[in-house]
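Chain IDs A, B, C, D, E and F follow the sequence of writing; residue 1 opens each chain.
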Amino acid sequence: MNLERAGPVLCFGEVLVRLSTGPGTKFSNAAEMAVHVGGAESNVAALLAQLGHAVEMITALPNSALGDLCLSDLRRHGIGTSKLVRGEGRLGLYFFEPNGTGGRIIYDRSDSVFAAQAGEIDWLALPADARWFHLSGINLALGGKPAASALTAVAAMTNAGVPVSFDVNHRASLWDGKSEAELAAVRDIAGLADVLFASPIDISRLLGRDRPGDSADDRRAASQAAFAAFDRLQQVASTQRIFGQANQHLSARIDTREREYETNPAPLGDAIDRIGSGDAFAGAVIDGILRGRAPEQCANAGLAAAVAKHGMSGDRWIGTRQELEAFDPFRAGDVRR
Amino acid sequence: MNLERAGPVLCFGEVLVRLSTGPGTKFSNAAEMAVHVGGAESNVAALLAQLGHAVEMITALPNSALGDLCLSDLRRHGIGTSKLVRGEGRLGLYFFEPNGTGGRIIYDRSDSVFAAQAGEIDWLALPADARWFHLSGINLALGGKPAASALTAVAAMTNAGVPVSFDVNHRASLWDGKSEAELAAVRDIAGLADVLFASPIDISRLLGRDRPGDSADDRRAASQAAFAAFDRLQQVASTQRIFGQANQHLSARIDTREREYETNPAPLGDAIDRIGSGDAFAGAVIDGILRGRAPEQCANAGLAAAVAKHGMSGDRWIGTRQELEAFDPFRAGDVRR
Amino acid sequence: MNLERAGPVLCFGEVLVRLSTGPGTKFSNAAEMAVHVGGAESNVAALLAQLGHAVEMITALPNSALGDLCLSDLRRHGIGTSKLVRGEGRLGLYFFEPNGTGGRIIYDRSDSVFAAQAGEIDWLALPADARWFHLSGINLALGGKPAASALTAVAAMTNAGVPVSFDVNHRASLWDGKSEAELAAVRDIAGLADVLFASPIDISRLLGRDRPGDSADDRRAASQAAFAAFDRLQQVASTQRIFGQANQHLSARIDTREREYETNPAPLGDAIDRIGSGDAFAGAVIDGILRGRAPEQCANAGLAAAVAKHGMSGDRWIGTRQELEAFDPFRAGDVRR
Amino acid sequence: MNLERAGPVLCFGEVLVRLSTGPGTKFSNAAEMAVHVGGAESNVAALLAQLGHAVEMITALPNSALGDLCLSDLRRHGIGTSKLVRGEGRLGLYFFEPNGTGGRIIYDRSDSVFAAQAGEIDWLALPADARWFHLSGINLALGGKPAASALTAVAAMTNAGVPVSFDVNHRASLWDGKSEAELAAVRDIAGLADVLFASPIDISRLLGRDRPGDSADDRRAASQAAFAAFDRLQQVASTQRIFGQANQHLSARIDTREREYETNPAPLGDAIDRIGSGDAFAGAVIDGILRGRAPEQCANAGLAAAVAKHGMSGDRWIGTRQELEAFDPFRAGDVRR
Amino acid sequence: MNLERAGPVLCFGEVLVRLSTGPGTKFSNAAEMAVHVGGAESNVAALLAQLGHAVEMITALPNSALGDLCLSDLRRHGIGTSKLVRGEGRLGLYFFEPNGTGGRIIYDRSDSVFAAQAGEIDWLALPADARWFHLSGINLALGGKPAASALTAVAAMTNAGVPVSFDVNHRASLWDGKSEAELAAVRDIAGLADVLFASPIDISRLLGRDRPGDSADDRRAASQAAFAAFDRLQQVASTQRIFGQANQHLSARIDTREREYETNPAPLGDAIDRIGSGDAFAGAVIDGILRGRAPEQCANAGLAAAVAKHGMSGDRWIGTRQELEAFDPFRAGDVRR
Amino acid sequence: MNLERAGPVLCFGEVLVRLSTGPGTKFSNAAEMAVHVGGAESNVAALLAQLGHAVEMITALPNSALGDLCLSDLRRHGIGTSKLVRGEGRLGLYFFEPNGTGGRIIYDRSDSVFAAQAGEIDWLALPADARWFHLSGINLALGGKPAASALTAVAAMTNAGVPVSFDVNHRASLWDGKSEAELAAVRDIAGLADVLFASPIDISRLLGRDRPGDSADDRRAASQAAFAAFDRLQQVASTQRIFGQANQHLSARIDTREREYETNPAPLGDAIDRIGSGDAFAGAVIDGILRGRAPEQCANAGLAAAVAKHGMSGDRWIGTRQELEAFDPFRAGDVRR
């Protein structure tokens, strides 16, 4: 994993607009919806850009005012937009209905400009000036051009020596009814990745293993199976949500081929918005790797970003490096004056 | 209890508009109030209608735009409005000031059209086409025409063989200063009901027994006292709110003459709106009975509806049968995608 | 035109959710959007149902919570929903960005359940119990199944003697790139309609005539050309928006084969929401015809509904017959106490 | 009219809470309502207190949190609350549904604490320390205790030499069905007033004269009829709303026994809230009289307050003397920086 | 400590406007901010005034509409404003960004009218009519005129026999970079106070002692050190925030020279707004002292006010004595009807 | 005026946060304020960047989350932020209270980071890569470092051949009490500018001439006086606000040494937000000049941008070149679908 490369971090994936009802309001009686811009890879991009990295979003946006809305949002976080594609068509949307303990999502992303034009990206030209490449499995779940483009991209990046991080980001509703060939593409990309964001359950699904047990040993075993299966893999990272009697807790874990590290579970308290916490985790871990931090430091920073994200509306962690470093997820903070 | 009847479920009671301040805002500095339509029996009607039952609301509404507001709300939930009465006068209101842990209510329902015209309903005409009849003790607490009409109604229904469910729904502020004769009416209706929604404390108050202890045996004893006192009674159902150090919990219980069933306490988490959870419970239990479900199934579904209601703004559970069946009150859910 | 038929008014068309930014907020910096349910024919249906007519919406909605949102909205206005079709897929949307003087709309209605399943409607079964049939040209602009279904529907209705009203409802963005054959379908339906909602410009476009002049004679000539071209046509109705130095004005006009009537221009004042004013006009005119009113009365009531609609948020006129009759569009009203 | 008295201005009338929908939202689909405290006489009190006069509100409020809401509001404007009565019962409410050109009001003020306890005020104790007494005809329209109390009050004040201003404030919905004896009370109070706020139409209704014509001469004739009928009367003041093609205009007029003065009509532009503009006018005129200003100055200041009120949400003019003096109702102002 | 004095309670300190983002919204993407009026001493004043005490706010406000905003707010709570100073200049502000577990504050209070004109207050004239004097250490942290004025004030009050309460109210960001001479002023005022609001950590900082341990004995030792150091001191009071796995808890403690009392920790549940809970505590303790209550009663009432404050938006506890007495901080309350 | 230079347009001035009450809400009862980022020169920068020009904002922002808020806002519009300075201190604010016809502003910008650190900019380094330089007279009105820095900047730019545009942007409240020497600086900069945004009144104030008359000849005379006084001046541009009976109108005018052009007055209709319309005008005129358009085209585009801005909330015109070109200020537009 060559950490000495120059150039921006590249993040590839769809940028979506999320329309969400207020807490406690069901879709069927919503009078207004909050607008947020999201999409897993752009959430990672936003965190990295806010921490000071040069980042370029590789995506396709419609030539419409809704596309402009996404563009403005990328820019406000400092994400580079010079390499994205625009075209005629619709923007991918999703609808979110939160409740006190979670919520549900309705996707409305079919036939988007991204789905139609993800193949227009010139992947051969990009690696020359790239420090890192990040993508998630959603591209593969979308199938068609996004999936094909993802495979082309990862091949081009690894050929050129650009480190690749891959967040499996499994979502049942997107994978339902996919063929075995489509599922195999996830394994193909995992096999080329340097860093894999995948829970033990994700790994087991990927490798066709039994669903793992609940012990730390089981989690190590899953990671070791991933290292055995995927030659280039250097790190496996994930968060674990723990349901209890009252509050949820969240812990983070990173495995390398040599070591493992798992944080204590941090209480989530009054979560304001759970969406994007995994992306905040991934972004903070990638930041740590790019800065040469040890896995322990990466896991702790990732956990901090993921817990802090629960206290922020929208899909993205918003803040500065100073805030990320000051945030202690194990101490529900008082008011800082 | 004849479950083979055709026709709609009839729910009798006042429809109210609730005006509530935002969380953390006191009445004395409220700049705006949220508008919701409620009323215990119409909350039950809404749940039943959303689950697919034919339901008619038997009530009296003013001939004003505020009456139209209630009418629209009944219709949006699919509740039948062809049998309700309209007249000149004011609409019953209540004001709700929520806080982090509960809140307070100011009633402003005196001299409403319902209070004045609840006697206009032609109770003899209704049972011929009725599958079930539901009402709550609030009608009795209001006294006057609503109380007299409730007594007439229950007599007409039982004469015609329509099963009756009665939710005691005791509210101290409405009962203060009532005479013994007025209280006796509650016992009269309980004595004609097939299904009674009443906590052990409600039953003890009703029967003049000592306040019951906290054990499950005490709860069974209260139910048995009710079965002993009321010949027609088939089921007694209630929820119990449990206060602890941090979060509240809620459990549900159903007794028949032969059996008892009590759920485990489910954590309430970050409750958004507590009002109407008892009505959601009652509605789901009635739905279960109408579909021939066992008391265990009814109690579990009732608990699910009551817990889910805590995560919804307004007086009513909003959803579909599919959502009710998918909701597990013992597992604070993640985001469903 | 047989006005003696029993049964509900049938309205055929797509039901859409509209997401609109606040006044003065551009899409590219919208933080929230208001949710309204609309669709030209359902707007007509809503007005007619509120005025007391039995109305059924003939449409296709998705089997999703967004479909449920539309269903609730239809019900709240008293529109019958027993004859609509539901299926898997997405809901048609449109985005609206208002400004001080107008605004712009982005449609996102491709590949909706309506587009996919408008052909599932059993048109032969419907006329037996139908008093009136209303549709708009948007169905034809959508092409494919909606257009085919519209042609089938109008043929079935006219065969069965059900009067048909047709609102041309021309929208350039939906018609761009259509073939001559597609345009011919509009003429085919106009040729079967009893009542045509079409401006002189619409008529000229339809008949391939030159764009008409601005005089009342020109407007009469356009209507007479329509009567000459379309044998069954009994009435032509439209509103005319007049732009001046300060405020806009709106006038209404109805032509029969024998007579013409045009209202004075009414000032629009501070318009809150212009969308749906043409549908409010159409609904009020149809109401007048169904009640045997003279064209003058129909035009006046239509103008009142259209002007009043400008003062209401959302796509629909909301009110009662009493309000419609009390509203004088020529007198900017004081506060009625 | 003795303008040398010490002590506060006393204003007598009901304090109401107004619940209003947003612009363009009908009652029947309101999801929230704005809360404002109003009541004609308290609106006058608020303007006078903000201009620096000592003012006491003479009213009856409920012993509830809604009564506390009114109390806070009176205090925030600097109105004295030491002489008001509190008791058990409900607060008077009214509901307001604005539209682009006006709106409608539903009153819900029957059986309020004010209606029940307006007789508890010790009118004999108050004049000793009173500079001025103001009330409106709404007290009389309410009938019962408010009307009786108003008659007692005015008699006590005039006996003690306290100048009295009386705003007829006719509202058809409150006067419908009143007996001639009740109407006579308005004349009785007008006969004791020093200053009468009444339009030519109000005066004609009061004196049983024909509805006056539209000319300035007709308006002078109406005032002169009032001076002839009412011995103590020194000034008659009113505003006139003028409806035109686009914007409304407002003019103001003051008549003394010797002179008349009428302002030009000022354009109302984009009115935000019309309610309370007459009260703002009355307050500013009383302020002028108390400070010894000429009728011209009073009319101009009154017009300024009334026009400025149209640009403010809620029932009350909010501002300082400096703002009132700087406001030119004839010049739609630019942004002052 | 002479509790028999007549006259109002005087509270001295800056009144600030707080601008806060919504929960979960970061400053960097805030589209609107909530406006609240606060300032530690005015929060105490508000509680005391609402409980029925005569209270005067001693402060300096700008001669601007923002100053008027503060004035209105003081008045609405019933706080006397006849003794405050107004002048040209800016108003002190602070910005608050809440999150799920706490939040952060940015102060913008430099060069305010209070900072510039706190020296204009005529401290010698005030004690003659004063029952109690309250101030906080923020005045000292501001330095300059506020600090000098505070020292003058406390000397004048103690000379005249007015009891003094002093809330140390330490805020690191305000004290950073202060000289030893400035810190000494805090000790000087503590040495003249009858009641000191200070945690064991505050006391240790003040007296240059080591940071105290976590036991109740350590807390008693800190209080005893304060009694030893400060001759006039009669009571030391504080709250303690306890961080645990899920919810925070809060306990209260009062020490006299003879006794100590510490409440159990009460669960904070879903805190809506933590700011001002210490001020609510101080106000309720002062109220208890003024009414001759025992320390136990003062601590319990103080805890109740502090916990209840967590459920209210804004800087101030809002309520009545009846509500304060009815609030049980150890029982997360149900809805009171 | 060399229009062939490469590099970005540089805009120099303070970036401010504006906090504004809702329409109809006075500061003294504001419960929330809308947050917008503004500042005259950054408004010009925003328009130019949105039209596709490379633009850099030259300013000083605080090292705080409020500074980050401004930074995000600049980025979202595509404005370059690589050359701005950051430092410790406060952010300049202003408060805006809109009403129906205008509004008022309270500035709170003293002692901001911009005021303190505007001298830190390295003006000699900037011209090498600059296509155009824009600033306004507000820098001079602020005096001190901003004024000195402005003078240094303009000298450096003109020496390097960078064209300079200067918007006089006179604001009485900022200029009150300024010395003659300070006023002379405005003339000095006007004397170096290629393009001057100044109304005939501004020019007269600048040159010590009498206030000009209302005719077009008077306006030409003022411009010619400017050309006579300032050697480098190529164009003078301004808008004129025309107050009438109902709506305001706005016209635009550009003079060159050879020609003059004045648009017709366009109706402003229901203005949503007047602030920043002059900056939108200036930006569109500069865009026209940079693209070699004739004065007529520049004036028309400037008028379109200024009128369109009135329909947008916030300080900035938001849109695309396509929208600007499609907007006809003389035709109050219908809804574009």
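Please note the rule applied: a residue touches a chain if its C-beta (ideal position, glycine included) is under 8 Å from a C-beta of that chain, and two chains touch if they have at least 3 such contacts.
In this text the structure is predicted, and so the values were computed from the model without any measurement.
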From the options B-C, B-E or A-E, the pair that copies A-F, where over half of the contact pairs coincide: B-C
Interface with more contacting C-beta pairs, comparing C-F to B-C: C-F
Residue-number overlap at the chain C/chain D interface, same or different (half cut): different
Fitting chain B to chain F on CA atoms, where both chains share a sequence, rotation angle to nearest 5 degrees: 180
Separation of chain A from chain D, taking each centre as the mean of its C-alpha atoms, in whole Å: 62
Chain D and chain F, separation of their C-alpha mean positions in angstrom: 45
Multi-partner residues of chain A (each touching 2 or more other chains): 26, 28-29, 31, 68, 72, 76, 104, 246-247, 270
Chain D residues within the chain B interface of the complex: 19, 26-35, 64-66, 68-69, 71-72, 90-91, 93, 95, 97, 104, 106, 108, 110-111
List of chain E residues in touch with chain B within their complex: 76, 246-247, 267, 269-273, 308, 310-314, 318-319, 331-337
Chain B partner contacts - residues on chain C that touch it in the complex: 68, 72-73, 75-78, 320
Footprint of chain A on chain E - complex, ascending: 22-26, 28-29, 96, 99-105, 107, 171-174, 241, 243, 245-248, 270, 274-275
